[in-house]
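The following block contains the structure, expressed as structure tokens.
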Amino acid sequence: MMSVREKRQSATAEAVRSVMKRHGRWSRLEIGFWLIAVAAWFLLPGEHLILTEIVIFAILALSIDLVLGYAGIVTLGQAAMYGVGAYASGLLSIHVTGEPLTGLLVAALAGALIAFPTSFLLLRGADLTRLMVTLGVAAVLHEIANQASWLTGGADGLQGIAIDPLFGTFEFDIYGHTGYAYSLVVLFILLLLARFVTASPFGYSLKAIRDNPLRASAVGIPVKARLVAVYTLSGAYAGIAGALFTQTQQFISLDVLSFQKSADGLMVLVIGGTGYLYGGLVGALAYELIQDALSSVTPQYWQFWLGALLIAFVITGRDRPRQLINSISARISRPRQPGRLDAVTVADKGKPT
Amino acid sequence: MLTLLFDGLAYGMLLFVLSCGLAVTLGLMNFINLAHGAFAMAGGYVTVLMTNRWGVPFLLTLPIAFMVTAIAGGLLEKALYCRLYDKTHLDQVLFSIGLVFIAVAGVDYLMGSQQQILNLPDFLRGRFTVGGIGIGVYRAFLVVVCGLLAIALQLILAHTRFGSRLRASVDDRRVARGVGIRVNVIFAVTFAIGSGLAGLGGALGAEILGLDPTFPLKFMVYFLIVVSVGGTSSMTGPLVASILLGVADVLGKYYVPSLGGFIIYIVLVAVLVLRPHGLFSRAA
Amino acid sequence: MPDLLKIDALSAGYGKATVLHAVSMAIEPGQAVALLGRNGVGKTTLLNTLIGLTRHHGGTIDLDGADLTRMAPERRVEAGIGWVPQERGIFRSLTVEENITAVARPGKWTLAAMYQLFPRLQERRGNFGNQLSGGEQQMLSIARALVLNPKILLLDEPTEGLAPIIVEELLAAIRRIVRDEGMSAIIVEQHAQQILAITDQAIILDRGAIAYSGQSQALAEDRQTLSRFLGVGAS
Amino acid sequence: MRMKSVLTGAITALSLMTAAVPAARAEDPVKVGVVIPLTGGFQSNGRQINAALKAFVATHGEKAGGKQVQFLVKDDGSVPDNALRISQELVTNDKVSILTGFGNTPTALSVAQLSKRAKIPQVIMVAATSSIMKASPYMLRTSWTIPQVASAIGKWAPENGAKKFVSVVSDYGPGKDAEEWFAKTIEANGGTVISKLKVPLANPDFAPFLQRAADEKPEALFVFVPTGAGAAFMKQFVERGLDKSGIKVIAMADVTDDDLLNSMGDPAIGVITGGPYSTNHDSPENKAFVEAFKKNNDGMRPNMVAAAAWDALDLIYKTLDKTKGEADGDTFVEAAKGMQIASPRGPISIDPDTRDIVQDIYMRKVERVGGELYNTEFKTYTAVKDPAAQ
Amino acid sequence: MTAVTLETRNLTKTFGALMATTDVSFRLEKGARHALIGPNGAGKTTFINLLTGVLKPSDGSVMLEGKDITALRREGRVQRGLVRTFQINQLFAGLNVVESLALVINEREGQGWRWLKPAFDAPGIDDEIAGLLSDFGLDSVFDQPCSALPYGKQRLLEIALAVACRPKVLLLDEPAAGVPEADRKEVMSRLAALPADVSILLIEHDMDLVFNFANRISVLVAGALFAEGSVEEISKDQRVKQVYLGGAAHA
């Protein structure tokens, strides 16, 4: 009798192991996504500028996803860390060194340094409170940057940023060739790291907190400390996004700290869907392309149509893109209907380019 | 000094009329309506259009601004907002931002992007002095009108059946329905009135706050601050928060002009850290 | 006599969990029914289902010819249900008087009648809901349901957590409402003996289903049934 | 190491693919990127520029220096980041040879690096901070500079009886410039600025600043706030009764913007401003300009932004005429240097040393002329250079 | 011979003037199957909240294995072995069964701060999860998201999550609440099979469950301990009967 039970248990354990192995495995859709992103470098040399902007936007959204999608903190103040990262790397290039990788590191540190104390302000209160506190912190930093014009250049923007060639070889050209490759690689590394983090015990404890903070504390998870940790990590991400912006544009204005930046980041993430890391990418891609298309059709009134799209999007259900991706992903992983699969892949390929 | 206080009071009262509708929306339906400022803008444009282009007396345009935006608010509630009550805050934020975009671009298209300048009738211009305090006629008018509105709102809330039904719905929506209060109707009406008040506030404020298509974006943050600092459990909270904000803003800019932009945000963060649900929230 | 309230095969619960399993019962006009059972057997869920605050899983509710099954709660109130929720549900930012006048509907139960029934409410008419004692809140909750002039009153544990002397007072009032004024009612109670004394019919729920149904008086004397379904002493 | 060289090779190849500007052929049009704020905080500038462009093309046609001139108008949303990205795309994808527009200083500065690196002439239509010109050797300006105007006011005021000032400026680059240069010149001419107030750019209410200014009891206020805010400022000034208290307002032209002047109404009457252009400037060039502008834009009134935009386009056309359609950065800028134009605002020229505009600055007073409000010029400082660049 | 694992000393909680818990001194012995009963509003919830650290007591202390844990936070108490389940399921809606259990086990093993290593790499974690799955009859639904489970399975997972914490003391708050009749037997038998060395405090209204499961019963009335004894003693106690049957004055 024991052996029957044991047999059953070992069968279960096998099943459990198979579930576990599924985690962290790259789906075909994911791989395809990256292949297309890399291919875009070769095939669309004229679009590198907007692609760079999309990638930086996506990193900002990714940093918000870490706190919102994985820990359930809504924020309208991610620009605080983004902007501080941008200024940190800009100032570094002016006063110390123009080496880009050092700039990224310093910016990550600066972002984390701002995020850490801020996170303690977010431990209490509901959605609205958190929105307003983060917004307030970003607004205060914006004002400080405005006042400290001796350091930041104030409203005129920080002048004189000069970034050394990457690895001493690759100049940041005005076509964005280096910029796109560079930011794409950074995005890839950050996403890889985020994948590790979200699949780690730490990452799962965040998901637990997001889903049910009451139960999370009842199974022994130190909720507050985890929130502080992830907010700080997200601050580092946002800081890196800011530094990438500085380095690829070689210019910073106060807008890096603006409410608009935070709101756009949140909006893009929400459009793309939270809690699966790629939401920011999908959202940034869709948002930028739509905005670009609309504003070239009607430069003065594109906001009208963007607004209409947003409303339609919410009313018809925000889960749609996520569901679509899931179903595409499922179909690609189990290619049973070759005829239909082709259609899907083709349609999919058309989109992100 | 007292002149300044009075200015701050007027400014605060204006903020209150502008944002009280939002407080009710948030408290009653737990709905984050970032498009509240769009209604204020609509009211402002109604007034400017009527006084400047069609020569309608300013005072007459005020109730019209209220009515027009209230009707617009009511219609939008029935057509769109009601679909979003059950959705998440993020959906609501995205949706109402979409509305703001439409409003901004739509007004730009219809009215042009320039600042609209309201021509006040002569009797609201100028200044008088009472006991050594110089008081602007229009600011005095604002204080009186907004004060009366605040009192009227308080009376409606406190002494009418509608008011008590509204408070009951905010207190406990479930039980309210269970004792026969039509919460949905109450909400639609409240939403319309709140929008109307925003419209009226926009009309009154066009003179002081300025009016251009970016109005809803510029002032969205102010409304949210009033609501989050004041809390949503009563009208007193937002009123006190508005006046506090108005006075602090004016005094701050007078005495420490260089800190002008900071003050409200520092107050905001401080209040919310100490009292996450606002100054006047009930102890949970 | 035609039934006032007729429940047929009613199943309901919260979310996915089914709490009530195919409950059927009928109440004649003027009848008061005691709804008994241990904690957690679904008594409150039954009342909540009648007022429309649970998820409907099956069955029908009919009140005086009107089909309530799919109605919104506020419509059910119009159709004639007066609900006294568990834990009273007093609106805390309304005064005592406002709690009553905000919902009152025309009929014989008026504000004045309420003050006559519960003189203490008149004394405290200007106080806010959150300034009342438990007993006063309960009186107010009953008054608030009565001024709806309902066809049937649903009382959910009206004496829960109250001091004995207040319990006496409340039960006396309930007796007047159902006995002297002939109000139909379903009363959920834990104090079985006391409530059986003032009701006509009794129903015992057990695990979401009706386990016993009969005359209150008969049940009051049926110690075995009482202790089987309600007591701690037997098994 | 091999990886690196492969990458370098790839980048070089790409650069060649995209960057190699094909040899200019006669039939190739000269493309001009117009980056202006059609949305956002500075959209009224964008509107005026767009209108001026319409009027200019309608009167001057689309040919200059024997070539087709093609304008590509883009909205930067008043955001410098956008301005930069859009300009980059215009340069790299659309292959524009000239960039123009730039509704405020930050957007102009954001593009300076690009202009420098890609050797693209950048013709500034509005941005007025002095320092911009140093940011790129391909920068040209047809608007005005803040010190140009502020120093003229600083010179005029003490000569005409107002010596004790409080300055009220918006808290951003141009505001600080105005404050600094006004104070500098007025102090050199025997006046004082007893208090300097900075007003947040997104400021809804001037009451506290006005009160503060009044409490300092100056003879006059020196004011610089952006268009639009100026109207609110003047209204609140009158509302406080400061007009009756004997305190004068002497302001930068933005405060009594011609575009809005009519709707500002009576509070504006009598306000003295210094500026480069007034809609009722009395000259045949201006009459023609105003007429063309109104005709093409439903009677809209041009302001100094429109005039500056018009002149920028004129400068581009005239320079192309001179270079026979050659729009290469160095050639173009060299040709533009010293260019003299009979502008609607009076004679202007491009300073060969600074590439900045040299123009007459007028002192004006708001008056009612034929039922409409205008800035009537009453004193001219001729051929003023940017004092900050000297 | 019987060691006390959990003990409260004069535990008191007041909300304003209201005494929610009055001077409760309660002992839970090692390996106990102890039930806490009492009418609605008797303060059972407040008592649990005091034990688990959701509320801070106004007076008195909570001791776990002889150590004072009154000042410890919720998660600290859990890490020391004081674990609870909830009356209303509190699951991680977005995670599946295996993930939920794995994260609890990781947390228990002190791995919760590891942020670069995969969550499923701990040695033996698969076997442990498999054990829990079969102990609680969750094998058939192991890869389903918690929110999609049938109610009875959710209830079992609710308990399994607590057991995965390897508790010394387990507080079961109405474990059978809302479970459909068909699944009831399973829940009860799973409860009966909980490890013997775990001390269990059961809060329950279902007297069948109480009598089948517990060997000792405490009765809480109006925030104070009203009676305590073996199942037999309590079931015969007239005063307890009256509390539950009501009508104390008339009986």
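Each chain gets a letter, A, B, C, D and E, in the order it is written, and its residues are counted from 1.
As a working rule, contacts are C-beta pairs under 8 Å (C-beta built on N, C-alpha and C of every residue); 3 or more make two chains touch, one makes a residue touch a chain.
Model, not experiment: these values are computed from the prediction.
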What is the set of chains touching both chain C and chain E? none
Could you see whether B-C or B-D has the larger number of C-beta contact pairs? B-D
Per mean C-alpha coordinates, the chain lying farthest from chain E is D
Approximately how many whole Å separate the CA-defined centres of chain B and chain D? 36
Counting in whole Å, what is the centre-to-centre distance of chain C and chain D, each centre being its mean C-alpha position? 77
Find the geometric centre of each of chain A and chain E from their Cα atoms only, then give the gap between the two centres in Å, rounded to an integer. 40
With centres defined as the mean C-alpha position, give me the chain B-chain E separation in Å. 49
Which parts of chain D, given as residue numbers and ranges, touch two or more other chains? 39, 171
Name the residues of chain A that each touch 2 or more other chains. 146, 300, 302-303
Per-residue multi-chain contacts in chain E, two or more chains: none
Taking all chains into account, which pairs touch? A-B, A-D, A-E, B-C, B-D, C-E
Chain E - residues contacting chain C, complex: 37, 39-41, 150-151, 174, 177-181, 184, 205-208, 211, 234-237, 240-241, 244-251
Per the contact definition, I'd like the list of chain B residues that touch chain D in the complex. 3-4, 7, 11, 52, 104-105, 108, 112-117, 119, 125-127, 134, 136-139, 207-210, 212-214, 218-219, 249-254, 257-258, 260-261
Quick one: in the complex, what on chain B touches chain C? 161, 164-165, 167-168, 170-172, 174-183, 233-234, 282
Okay, in this complex, where on chain B does chain A touch? 26, 32, 80, 83-84, 87, 89-91, 93-95, 97-106, 108-109, 221, 224-225, 227-228, 258, 261-262, 265-266, 268-269, 272-273, 276-277
In the complex, go through chain A and note every residue touching chain D. 42, 45-47, 49-50, 53, 146, 149, 154-157, 159, 167, 169-170, 173-178, 181, 245, 249-251, 253-256, 260, 295-296, 299-300, 302-303
